[in-house]
Amino acid sequence: MTKQSRQEMTEKTPSIYPVKTKLQITIIFFIVIGFYLFSMFWTQREMVGGFGNALGNMYVVIEKFFPPNLEVIPKVWGEMAQTIQMAIIATTLAAILTVPLALLSAQNITTFKPLYLITRTFLNILRTIPDLVLAVIFVGLFGVGLLPGILALFIFSLGILAKLISETIESVDMNPLEAMRASGGNVFQVIYFGLVPQVLPQFTSFVLYVFEINIRASVVLGLVGAGGIGLVLDQQLGFYNYPNAMAIIILIFIVVIVIEFISNKLREALI
Amino acid sequence: MIEFKDVGLVYPNGTVGLKNINATIKDGEFVVIVGLSGAGKSTFIRSINRLVTPTSGVLSIDNENILGYKGSDLRKLRTKIGMIFQNYNLVKRTNVLKNVLAGRLGHTGTLRSILNLYQKEDISLAYESLQRVNIGEKIYNRADELSGGQQQRVSIARVLTQQPKYILADEPVASLDPPTSHQVMTYLKKINKEDKITTIVNLHFIDMAMEYADRIIGMRAGEIVFDGPASEVTEKTFEEIYGRSIREDDLRGGANKS
Amino acid sequence: MASYSLPPKQPKSTFKIVRRIVIFLAIVALYVWTFLGIDIDWGRAFERMVNNFSRVIPKLFQPDWSATSEVAAKIWETILIAFAGSLMAAVLAIPLGFLAAQNMTRSKILTAIGKWILSAVRAFPDIILAILFVVAVGPNAFAGVLAIAIGSTGMLGKLYSEVIESIDMQVIEAMEANGANKIQILFYGVIPQIVPEFLSYAIYRFEVDIRASSILGIVGAGGIGTMIIFASSNRNWNEMGLILLAIIIVVTVIDFLSARIRRKIV
Amino acid sequence: GGSDDSDGEDNASGESNDNAKEEKGETPDKLVMGFVPSQDSDTIADTVKPLADRLGEELGIDVEGKVMTNYNALVEAMGSNQVQIGFIPAFGYVLANEQYDVNVILKSVRHGSGTYKAQYVVRADSDIESLADLEGKVWTYADKGSTSGYLFPAYQMMQEFDYASGTELESDFFGNTIAAGAHDNAAISVYEGDADVATTFDDVRTELEEEYPDVMDKLKVIEYTDEIPNDTISVTKELDEELVTKIKEAFLSFNEDEEMIKIMDEVYNWDAIDEASDEEYEIVKETYQKFKDDIEL
Amino acid sequence: MIEFKDVGLVYPNGTVGLKNINATIKDGEFVVIVGLSGAGKSTFIRSINRLVTPTSGVLSIDNENILGYKGSDLRKLRTKIGMIFQNYNLVKRTNVLKNVLAGRLGHTGTLRSILNLYQKEDISLAYESLQRVNIGEKIYNRADELSGGQQQRVSIARVLTQQPKYILADEPVASLDPPTSHQVMTYLKKINKEDKITTIVNLHFIDMAMEYADRIIGMRAGEIVFDGPASEVTEKTFEEIYGRSIREDDLRGGANKS
């Protein structure tokens, strides 16, 4: 670079971002904001009341939930247990089936492109199906009962888990795997010794995360006659026993907290 | 014996990794390859155990051309070649013993290894290897609890456990401080002498190369520019390998070089 | 080698052994409890599936095209509502995420409060959120926006806080070392590191909200979730097939668009 | 009194807001009509628009129709006067009346009647002939909030066999009970043999005929319950008397209108709209009271 | 001027980081600190800008004891001390220019910096600094698109933009290969001479230290064991710093040293 051109460049101070990127990001930003404003306008267009009494009205309702009638907790324990059991089965099945699917849909492990693309697409479609639809279809197939509920949870969790885990697999350190390959290990050995230890802690916490999602999804299960805490909650709301409903919500909250606690402990033990 | 005959390698993106390589490495030699970053040292070494595949020429090991190898042939080849990496490539969350036993994978059935059913001999071999690099007391520590030098020693133990005929080491000391680097090089040399394992090492530092090598191969832009015993290395060789303008470059800052 | 020199046995503290046994037994007990508690007649289930297969599945693949315009309108509504709701959640979740992140809020108490708030929000069933917002703003799309916003905040806040906890703190130290104050560190050191993940999670949540829009039916905002409920109540599998197809297309398109946007920004 | 919501946006029609705390008898210039489709009927309509539009025309006021899938939400919305006119199933009406003094003004007429019944369905080849034969059998119903699916039949059996509560009935009289989520699912459970008796609206089988052509032959009805009043059209207590009368007249005028009769029949399976008063729902209230404490847990 | 008077530092877990440190660093000096891993080099350097706080003694900079500094005093102190790290510590996803501008944060109002409203002078200063380390054409590249040497040069530019009175560099070349290391050291030296910025650098390699330093401080186990001009370094100094048994240790393998 000649001295002169350097001087020139110094004089016209550059902007913080290159002009092109700046323009693109600005455009995207305005599209997002524009779409947001439009959707806010659209969703509020038929509002009658305005916000005048929003909080007051909410307070009137919220008040009805208090004080929670904690006495019901022991009585719904059976249903809570059933929900937990369904979630355990669905999560376990999903966790097992996720392993091959996640491996097949991780680009760094499945280097055979068509296979990778097929699994990916399959998982993507699986993830787009709403849990409600899954539940309804399985009830159509199996009739009411626990099975359709469990299956709906299972398929739903499988979609999420396989995506999360395959992303984790794609971000592992490939060096140890290369070392295993270099010493003559076959595919299974390489995966088992090089990959598994690296993804195990993440795997555990994702599985427990999905478990938590499954517990809360039990409301959907109630809809299809699979029982569980969701059904009881619905019933209590239906009969206007709001303090009981609040107690059930608190119970769900406690279960969620306990799962989170266990999740943290397990992760600590594994890392 | 490893023989490169007119070996060339072009990466899929068009980068030339190796060009017209001719070299023969005899059993028991301790060869050090030096060269600037991007000279093709790693490509050279990784061709030998087929982590990359040369695109032309003939590369034979023990008088067999390995370039066509696939599947189990390839695994058998790799079983007899041990490799040491710059970043140790240990499984961080696994303990030292298991990391070292990974060296036996090529010799162990899949089921056996997954169930952790190693033969007594294998375990004993792994332990001995760890003791040879003086790190026997750390067998149950997790790999990420060790310092860099200790990790590299574990990776040497892993290779020893493999009982290879050849050892390849790709910049084994680049992440280590000088005293530790010397330690690691000393171990490699010792093993080469005691077990008669042919050893090929990549190094950045020509001074360290001269201290340990029987023979030095200098590379530049994918080609061999020097090949001879350490004693023949002169100031001129140095210039040939690193390029005549290195010092100047340094001073100017050579924006795009590093 | 006649005798093997085996390594010494791994020294394990009794605490660890006991802990491992306890965990193992607990897990076994959990599964025993689960399988004893759940009883499913597999034979009958299988038989039923075989009988019902032709009643349901083929119809899903023969979508009822006559409902196309209605489905299109509903899914458009759903997109608008879900978009407004998830974007609101994406913003609301930021302060909560920071509050719940250990490396930002260096006070254990505040972190715990943050995490508890997020768990509490997540424990609230959609139906109750829906009722509250119907009461607040009436039965309309905006109530749906609010319900989705609050419902999504719990999960997004949790994911955000995990992202924040995993950033590279050395960079923060470098900024501290050249005299930047806390807010400057936030904007220069923290935000650039978290933006891509925040964006991915927000977009992911947007997709989830489109799929899980049954909450909209409760607040009278229509949306595709309501159609699902009616299609199932009326046992209209053909219409269900069309709805499913529409959702798959929309989510795939969003996936594609968002991937492109993300590439621009990240 | 509430403060502004976080968004701070004000709605254009903000002045029309009359809320629960204001004086009785306001005439809003826009009405919201909420509709919770009754599960207790063979077709489940997913729109209220035709009725809302016509009502708007008749009244000269904007009427917005909203379909909601949960009657708790509708009851609460009427409580806060976000919704002024509600199409609520009988049970929902009782709740709304109890909680927020919502008043019934009209009811729907189906199959020529202002009431309907619940039925007991069993397999045709079973030897169950009367309610007494149900002892020890497996009972399935949609859910406990369903008037025809649970409340009426349960009440009937409690009286017949002398049980004090639904819980006792379920545990002491029946062998097992299944909440199937919906009437059709309950009937299918019996059809498939998972349960022995289903209590549903009359007649759920017609809805299943397309998928299960032999359902009429395979399932038989052994008993019916008392008459249950049909879905209501109710208004909130805040509405002006005069307006209520006008609304009532407008709806009743649909009975004379060819076009509306057609719409009502096609969309909602209604023959007509009839006047109704709170007393007609006394029986539902009674039943509800009986179970409220029972469901209490 | 930086003055350590009887400075000691004990980490909360009881590890002694510094012990009885006495040293005066005059304005404009280029000081290199050498020592084994764990010797306390980083602790020494990080005391100066109070990333760690000594637990005893007096540490004064420009004749003010900085050990009691808090809040805005501390920020003002740090504004005049630039720091370069081993791992560059750039924000990977941000572009080079913004990374360099981060050096101005201490001089810029909070609001201004958040809104990216830098003064023209600041941007121009940042750009000049980048040109001084010969990397002007990469301003819009993201930091993670650069090689190690380039990243380190960006981090030098960041410090230059800060216009500090002192520069601290904690093993600035430990992750770089030798030619690139020399480049980076050359830049540091150049800046020290041209701008008269007092520079304190930690290094592992004593040979490199001798090539660039005006003065060398050798540390061992938290104490200063050598302090003098590079010319005074002898074989004995080397032994003092690295411990007398290093070579032997090397050969024996010294399991626990590295």
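Per-chain residue numbering starts at 1, and chain names A, B, C, D and E are given in the order in which the chains are listed.
The rule we apply is simple: a residue touches a chain if its C-beta (ideal position, glycine included) is under 8 Å from a C-beta of that chain, and two chains touch if they have at least 3 such contacts.
Nothing here was measured: the structure is a model prediction, and the numbers come from that model.
**Q** Please report the minimal path length, in steps, between chain C and chain D on the chain touch graph.
**A** 1
**Q** With a step meaning a move to a chain it touches, how many steps does the shortest path from chain B to chain D take?
**A** So the least number of steps between the two chains is 2.
**Q** Counting C-beta pairs in contact, which two chains come out on top?
**A** Summing C-beta contacts for every pairing gives the maximum at A-C.
**Q** Between chain B and chain C, what distance separates the C-alpha centroids? Give it in angstrom.
**A** Those two chain centres are 46 Å apart.
**Q** So what's the Cα centroid distance for chain D and chain E, whole Å?
**A** Once rounded, the distance between the two centres reads 77 Å.
**Q** Roughly how many whole angstrom separate the Cα centroids of chain A and chain C?
**A** 3
**Q** What whole-number Å value describes the gap between the mean CA coordinates of chain A and chain D?
**A** Roughly 36 Å, centre to centre.
**Q** Which positions in chain D are in touch with at least two other chains?
**A** Answer for chain D, listing residues that touch two or more other chains: 5, 32, 72, 76, 79-80, 82, 182, 192, 194.
**Q** So which bits of chain E are touching at least two other chains?
**A** Within chain E, the residues that touch at least two other chains are 98.
**Q** Going through chain A residue by residue, note those that touch at least 2 other chains and give them in order.
**A** 21, 40, 44, 46-49, 51, 54-55, 57-58, 60-61, 143, 145, 234, 237
**Q** By the touch definition up top, name every chain pair that qualifies.
**A** Going through each pair of chains, those in contact are A-B, A-C, A-D, A-E, B-C, B-E, C-D, C-E.
**Q** Once bound in the complex, which stretches of chain A touch chain C?
**A** Listed in rising order, the residues of chain A that touch chain C are 21, 24-25, 28, 32, 35-36, 38-40, 42-44, 46-49, 51, 54-55, 57-58, 60-62, 81-82, 84-86, 88-89, 92, 124-125, 127-133, 136-137, 140-143, 145-147, 150, 212, 216, 219-220, 230, 233-234, 237, 245, 249-250, 252-253, 256-257, 260, 269.
**Q** For the complex, give me every residue of chain B touching chain E.
**A** Residue list for chain B touching chain E: 36-37, 133-135, 137, 147-150, 174, 176-180, 182-183, 186-187, 204-205, 242, 246, 249-255, 257-258.
**Q** Where on chain C does chain E make contact in their complex?
**A** Residues 168, 170-171, 173-181, 183-184, 187-189, 192-193, 195-196, 266 of chain C touch chain E in their complex.
**Q** Which residues of chain A touch chain D in the complex?
**A** 40, 44, 46-61, 72, 75-76, 139, 143-145, 222-225, 227, 231-232, 234-241, 244
**Q** Help me check something: in the complex, which residues belonging to chain E touch chain A?
**A** Residues 95, 97-98, 101, 116, 118, 120, 123-124, 127-128, 131, 136, 139-140 of chain E touch chain A in their complex.
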